Every structure is written in structure tokens, then in C-alpha cells.
Amino acid sequence: MRTVLYPGSFDPLTNGHLDLIERACRLFDHVIVGVAVNAEKHPPFFSRKERMKLIAESCQHLPNVEVVSFQGLLVDAIAEYEANAILRGLRAFSDFEYELQMALMNRSLSEECETIFLMPTPNNSFVSSSIVKEVALLHGDFVQYVPEAIACAMRKKLKRMEK
Amino acid sequence: MRTVLYPGSFDPLTNGHLDLIERACRLFDHVIVGVAVNAEKHPPFFSRKERMKLIAESCQHLPNVEVVSFQGLLVDAIAEYEANAILRGLRAFSDFEYELQMALMNRSLSEECETIFLMPTPNNSFVSSSIVKEVALLHGDFVQYVPEAIACAMRKKLKRMEK
Amino acid sequence: MRTVLYPGSFDPLTNGHLDLIERACRLFDHVIVGVAVNAEKHPPFFSRKERMKLIAESCQHLPNVEVVSFQGLLVDAIAEYEANAILRGLRAFSDFEYELQMALMNRSLSEECETIFLMPTPNNSFVSSSIVKEVALLHGDFVQYVPEAIACAMRKKLKRMEK
Amino acid sequence: MRTVLYPGSFDPLTNGHLDLIERACRLFDHVIVGVAVNAEKHPPFFSRKERMKLIAESCQHLPNVEVVSFQGLLVDAIAEYEANAILRGLRAFSDFEYELQMALMNRSLSEECETIFLMPTPNNSFVSSSIVKEVALLHGDFVQYVPEAIACAMRKKLKRMEK
Amino acid sequence: MRTVLYPGSFDPLTNGHLDLIERACRLFDHVIVGVAVNAEKHPPFFSRKERMKLIAESCQHLPNVEVVSFQGLLVDAIAEYEANAILRGLRAFSDFEYELQMALMNRSLSEECETIFLMPTPNNSFVSSSIVKEVALLHGDFVQYVPEAIACAMRKKLKRMEK
Amino acid sequence: MRTVLYPGSFDPLTNGHLDLIERACRLFDHVIVGVAVNAEKHPPFFSRKERMKLIAESCQHLPNVEVVSFQGLLVDAIAEYEANAILRGLRAFSDFEYELQMALMNRSLSEECETIFLMPTPNNSFVSSSIVKEVALLHGDFVQYVPEAIACAMRKKLKRMEK
């Protein structure tokens, strides 16, 4: 059985993330979405628990997805969940060099820790978690960039923040 | 009439910015310089009002320039000022991918919101607002990188800061 | 009146090119599509005359488009057609540095020769004239990447080549 | 069963290619190395048959590798060999944008045609087939950059060329 | 006598830095390692004094190395220490454009201030001070990425931090 | 004594090349300009002998410059002329990745073969030998991009070609 772990902060999960998870589900037996919880400089928009619940809701149609959270080194999470590889997306507008640097560092820390890159659809290539949050906070139409469950939760959270 | 809006924080306006504005003035009927005031993480060097006044002073020789400030989404400012397009500079040493990502996001938020890119002169390609402020704070000769009105105002502000 | 000249070999015109021309038509009074005919190392797929006719056919719905061909330096064509600026597309997958180099060279050869960059839709960001020809020659479905008039002409030409 | 097809001209196979094949063998059930034979502008160094034989020899220790050759579109080869995905290497010094462009084009030509990227070891990141041939033709020590079977065959071919 | 100044924050010195210093020692008569102390946004891991002592210890085998610290503009440090040029490393995974921008700015601030770039070994191309600190804080095996003297000092500091 | 070898095809030497040679002359004792003569796919504009003579003429004011030509591997030329390092220019619009790849390959072929990178002035950053030839062949004003001796020789050669 081939298992890949897709790490990220997913604060929030975007349509770009979901597109990548759906592609991975067709190529691998088991896809673990790993919410990374260390190194959060700023208070997150959604808590670790909220993010896990929202990802699970958005991936209900994908039977081979599991959602976990992890602290510490990614290579330790890979070992713990017995994943065969790390999964990462390669966007045209992403930091390509940063991705390669991380992949090399992870392989250096744990020899058999391979990183597999997939490419999301270019339609959402300009969407990132931080830009979605920025648009939402400036009252722009962010709903088109995230799964429905995320959009609902963001609207509620924004209302509470404005009170 | 063709109107372009040139958004930025302009804290401060550099010779590179001014060069771009001058080029735009030869190509378009009306050039609006838009000082963006949200998302200022740190206290700015110049206040919103100071920046608007200094840009206006530096553009006195350009009759088709207007200086405004805006809060919120750029696409809303474009609609408010009835601009035909966003204007951005493309420096060799700028974040090209970031510029494309923003242009795509703005077009996604408002279909007719086009972004036009011009290229400033390479002589000032290494000049940016943040590097000018850094040189100034370390007592370097920053005067060559900004219009005269800006240089005067920076010198005064720096003197007051040192007291 | 603002006139821009959009130079290229257009062998053939793709949906990406057409998208850029349509965007330019909304921003400028007059858009000249200039088929460059020097420096053709290989015999072209379509002759200069065929390309001009096919571009004109594909742009019938755009009243402010003119199609010309030119030989020699681009800056000379700009002067001859009294264009205010060169128009170029900036694809995520294009040679960004090459575009800037050319823009600087053209400005160096003729001081007032400005280059304006627009961004085509990302949906066709991977489409280029040479990749369309390669797909066509390998019997792939190239029809989706070019305007209808081009597709018809390519099919005819390919049939004749196979005889 | 997960099958990936690794396309290339492999003229010749380098240690970088072999490293990638070995990594893929640990992650997938079946790895097909596909020697592409169209679009060879210049006469190749090794013929199609020689390349297939040399790759097979160099991969003897890998039971789940198969070597094939194909003509025409890559997406057609993917369908013919019932591969689940295309495999490509992402070198720090490779044309990253070209790889993404090809991956998008292939997905556009055949919707389920996914491309999976792996990263070879950085030790050979500067090695490519063409640079190996150049070093060999200038009598440099190319042996360190290719598998042993390739080195032997290259030495023989070079001797014959010099006669 | 040719003197180069190698500026950086060196918090901490990595094997990549040391590799560059060793290469420079073979090419120049005198190599000054300059610990930059302004613009430290966060409290550093090691103090200025600790860093200078640890660099000196790690470079004991290199007789033509001198360690200094400086505040203010780099061009002023170059003048003070009568260096012929600034030395910088060019990693595949470094910010190439940032390096060129800084080199141009320094030459603009002081005409004769040349920057010389060398390339470190690719084996450590993914190692940076900040990634080493991150691995160390997450209890990963950071020892392989830094000289021995640095590793000892980091272990001690980490123990004290955990108390 | 520090000697660097600056390799290239220099067909023709541009103001960008000359700027780099002048900078190197201030930093090193001896600067060897090495005209590479293998791998000339097309007949060159100037012959090997003409290029050597024109470079020597253009560098008359620089007493520590020597002009040679070499065939075969660059690392062999470095050994033959007892150079301490290869010198290369790093233009904003150059192929940065190609330069690093070559530097790594040369170091791999000969362990002590270091490459030193300098940065030419940005004013000529868009000038290259091939673009100068193209402008000249299209009757553009190429004289501003090359040293005087080169301009004279190009004018003569172009006249003869047109007869």
C-alpha cells in the first residue's frame, strides 16, 4: 500500500489544496493530510481542531483521505504514520526553490524520505491561504476560492470578529 | 479618456517610482497615484497625508497626475476612480511572480480589472523604498535615490528621530 | 489616439495571442498586429501572406485591429506606423528575462520606444505557436488551442504535407 | 498496481537518470523507461536500439523496470502502456518552467494524464546528457557521470568515430 | 595584497559558510569574516561576541582569516578594513536577485566597492543558518550541518533554554 | 600572483565584456581573456585571429591583460595557463542557472578549478554579442554597444558582406 503525507498549515484549506488532494487520491492508496502546528508565529485564523474538522468535511467524498496533525519535524511524522513519501504541490507562482530546498533537507535528515510533487490546476494557481484571508478581511468575494464548508466557517468567524 | 491607477505604499516615493509615473504620463491621459493605507504592519516612516503631499510635490511638473489614498481592495479603488487599468512597474529585481499572482487575483475579483506593466529605467533597478530607508537610517547617502522634496522631508524626519 | 504595435511571428496565431489582442482592444484606440518576417531560420509553417490573412480573419470582431508585416528593426516599425508603444504578453511560462532585455534594447535604440506588458488568461498559459505545431504534426488534438480560422487552415496544410 | 512512465531521449542515460529510476522503483510497482524517438533534429549519439539495450543493462538490478520506445505524443504512449502517470525529474538546474508547461499541455491533451515529479540527488545536479557528450568529445573524464555499461559503449563509439 | 570581506550574520556559522571561507582563503591573501550586528529584529541565538569566538575557533586551520564585527553600512566597513572587495556565496537555492540588488546598491554607494561571488559545494546547498536553528529547536540532527565548535555551543545553549 | 582566465567566444567583444575585464584588472594581478574556438556551430562573424587582435586593441589601456585562444576543455586551459580561477560575469539578464551548472561541472572535472563571478554595470545589462550582431545586420545603431576598435571592424565587415 502506497501512503503519502501532505503537510501544510491549511489555514484555511483552499480549492488549490483540495484539487491536489483529489489528484493524489487517484494515484495513491492512502492520502494523509497533515496539519502542521509548530512555528505558528501569529495566532491562526482557525485553531488546529477547527482546521482538522473542516478538512475532513471538505474531503468527505474521498474515502482514502485521513486527516492528522503533527508537531516537530516532518520526517518524524512520516515515520510515525509510515508514509512512503511527502506530497507537495508545485504551483507556477509558488516558491519552487524553497520546495526543493525543503525536499533536500528532509532527505538529508532521513535518507528514505522522498518528496513527490504534483501540479494543481492552473485556474487556481494564484490562490493561497494568506491571499484568501486578506481578501476576506477586506470584504472581498473570497467564497469562490475555498470549499463550501470552509466558506461557511470563515463567514461565521468574520462576523464574530467584527462584533 | 484612458485612466490608470498606480497603487503602492510609496513610503517613500523613489526615483524609480517617479520614472514610472513620468513614462505613464506620456502613454495615458490620466495617471492616478494611489497610496494604499491598509495592512501597514509597522508604523510607516511618513504618514498617509505626508506621503500624498510629497508625491504631489514631486509630480508638480506632470499635469495629468492625481494623488489619492485608498483602503480596502484595490479592485474597489479601481471602480471608485473609474480607472481603466492598474499600473505596475516590472523591475529586473522585483518579484515578477508576485506581480503576476496579484494581477490574476485582481482580474478574478473583478473581470474587467486589467493590469498594465511598464519597465522603469535600469539605472534605478536596485532602488526600493525599504532599501532607501535602511541606507538613510545607517547614515548613508540616500539623497541620490529619491526626488528632492522627499530628500528634504526625510532629512528633517531623521533629525527629529535622533533627538 | 493611443496606438500599440503587437509584434510576433504568429506562426500560427494561438488563442493566447487572440486573448491578448482582445484585452488590448479594450485599453487602446488602435491595435496593430505586426508579423515579423526577418530572421526566419526555418521555412515557416504559414507564409507571411497566409499569416496576415488568418490573423485578419480571426480578428474580424475587433474593429480597431490592423494587421501589417515588417522587416528589420522593431523600433523602425514603431516609427513607421506611429505607434505609441510596443505591446507584449507576459505569460507565467514565458521567458520573462528575455522580454525585459528586448524592452531595454528597444528603448536604448529609440528613447521614446516604450514597451507595455499585459497578461493573458492563465488557461492558455502553456500554449505557444511551436507547441501547437508539434502537437499538430504528431496528430494530437491541436484545434482547442487556436482560433477556428487557423484550425481550418492548419488541417488543410497538414493534409497536403502528408500526401 | 501503480505504473509510471519516465520519458526522455536518454542519449545517453546518465547517473542522474539512473538515480531517479531507482527512487521511482521504491515508490511505484512498475517503472517504464520510455525512449522518445521523434523530433530528433541531429543524428543521435546512440541509436534507439542501442539506447534501449544500454538502459536495460544499467537497470538489471531493478526488477520492476521495463524499457520501451515510443513515437508520437506522450499521452498516447501513456494510454498504450496503461501507465497511471508520467514521471519527471526536477533538477535545481533544470528548466522548471518548461516542465510545468509540458505537464499542463499533457493534462490538457488527456485529462487524466497526471505528471509526478521526483528530485534526483544534488550531487549530479549539473549532469545532463548533452554536457556528458560534450565532455566526452573534448576528451574529458566523462566516466564518472554515467553507469558503467554506458561508459564502455561510449568509449567504443568514440574510438570508432576517431578512426 | 588582496583582501576580501565576507559579511553575514553567521547566527550560526554553517558548513556552507565554512566551505566558502576555505575556498576564498585559497584565492585571496586575506579573508575578513565580518559579523553584521545592526538590523537584528529578533534576539539572536548567539551574541555578537559568541559568534566571533565560534567563527575564530572554526577557522583555526586557516591562517589568513580574521574575524571582525561591524555596525552600519557595509561600504563603510569595506573602507575601514581596507578590503578590495565584498565576498558573497551564490547558492543554487539562494536569493540570486537579492544578491545582485545588494551588489549594485553597494557599488552605487561607493564606486570602487566591488562584489566577488563564489559558489559553495552543492552538498550543503540546502543548509542555511535559519533552517539549522529550526531543525535544532525541533530536536532534529543538526550536528551534520555545522562545524564541531558550533555544534557543541548549540547543544549547550539548547540545554540551558530547556531548563 | 593571482591570475584569472575569462573564457568566452567574444564574437564580438561588447562594452559589457570590456567593463568586466576592467573590473577584474583592478582585483587580480593578471587577467587572461580566453577565446574559445571549439563548438562553433555557425561560421563566426570574426575569425579566431580577428577576435584576438580586436580584444588586444580594445584592452590596450590595461597592462595586465593577456589574450589567448583555446580549444578543448576549459579546465585544461586553466591548467595550461596556470590560472587560479575562471572569471565569469553575472548579468541580471543572463542564464544564472547555466553559469552555476558550468561552474559545478568544471569543479567536478578538476577539483581546484574555482569560478569567480563579478557583476558588470547594469547600463549594458541587455547587451550581448548575439543581440549586437542582430542589430548590426538590421542596420541599427550598434556602435554604442561595442568598443571603438570593434565598431570599425564590424562596419568594414558588414560593407564587404553587402557587396
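Labels for the chains are A, B, C, D, E and F, by order of writing; each one numbers its residues from 1.
Operating definition for what follows: a contact is a pair of C-beta atoms (placed from the backbone, for glycine too) under 8 Å apart; a residue touches a chain by one contact, two chains touch by 3 or more.
Keep in mind that this is a model prediction, so the values were computed, not measured.
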Set of chains adjacent to subunit A and to subunit C: B, D
Identified repeat of the A-C interface (over half of residue pairs identical), from B-E, C-D or B-F: B-F
Chain whose mean Cα position lies farthest from subunit F: A
Rounded Å distance, subunit B centre to subunit C centre (Cα mean): 32
Whole-Å gap separating subunit D and subunit F, where each centre is the average of the chain's CA atoms: 34
Two or more partner chains touched - positions in subunit F: 92-93, 97, 100, 104, 122, 125-126
All chain pairs that touch each other: A-B, A-C, A-D, A-E, B-C, B-E, B-F, C-D, C-F, D-E, D-F, E-F
Of subunit A, residues touching subunit E in the complex: 38-39, 72-73, 75, 97-98, 100-102, 104-105, 108-109
Residues of subunit C touching subunit D in the complex: 92-93, 125-127, 131, 134-135, 138-141, 144
Subunit E residues touching subunit D - in the complex, by the definition given at the top: 92-93, 122-123, 125-126
Interfacial residue positions of subunit C with respect to subunit B in the complex: 2, 23, 26-28, 84-85, 90, 92, 96-97, 100, 103-104, 107, 112, 114-119, 122
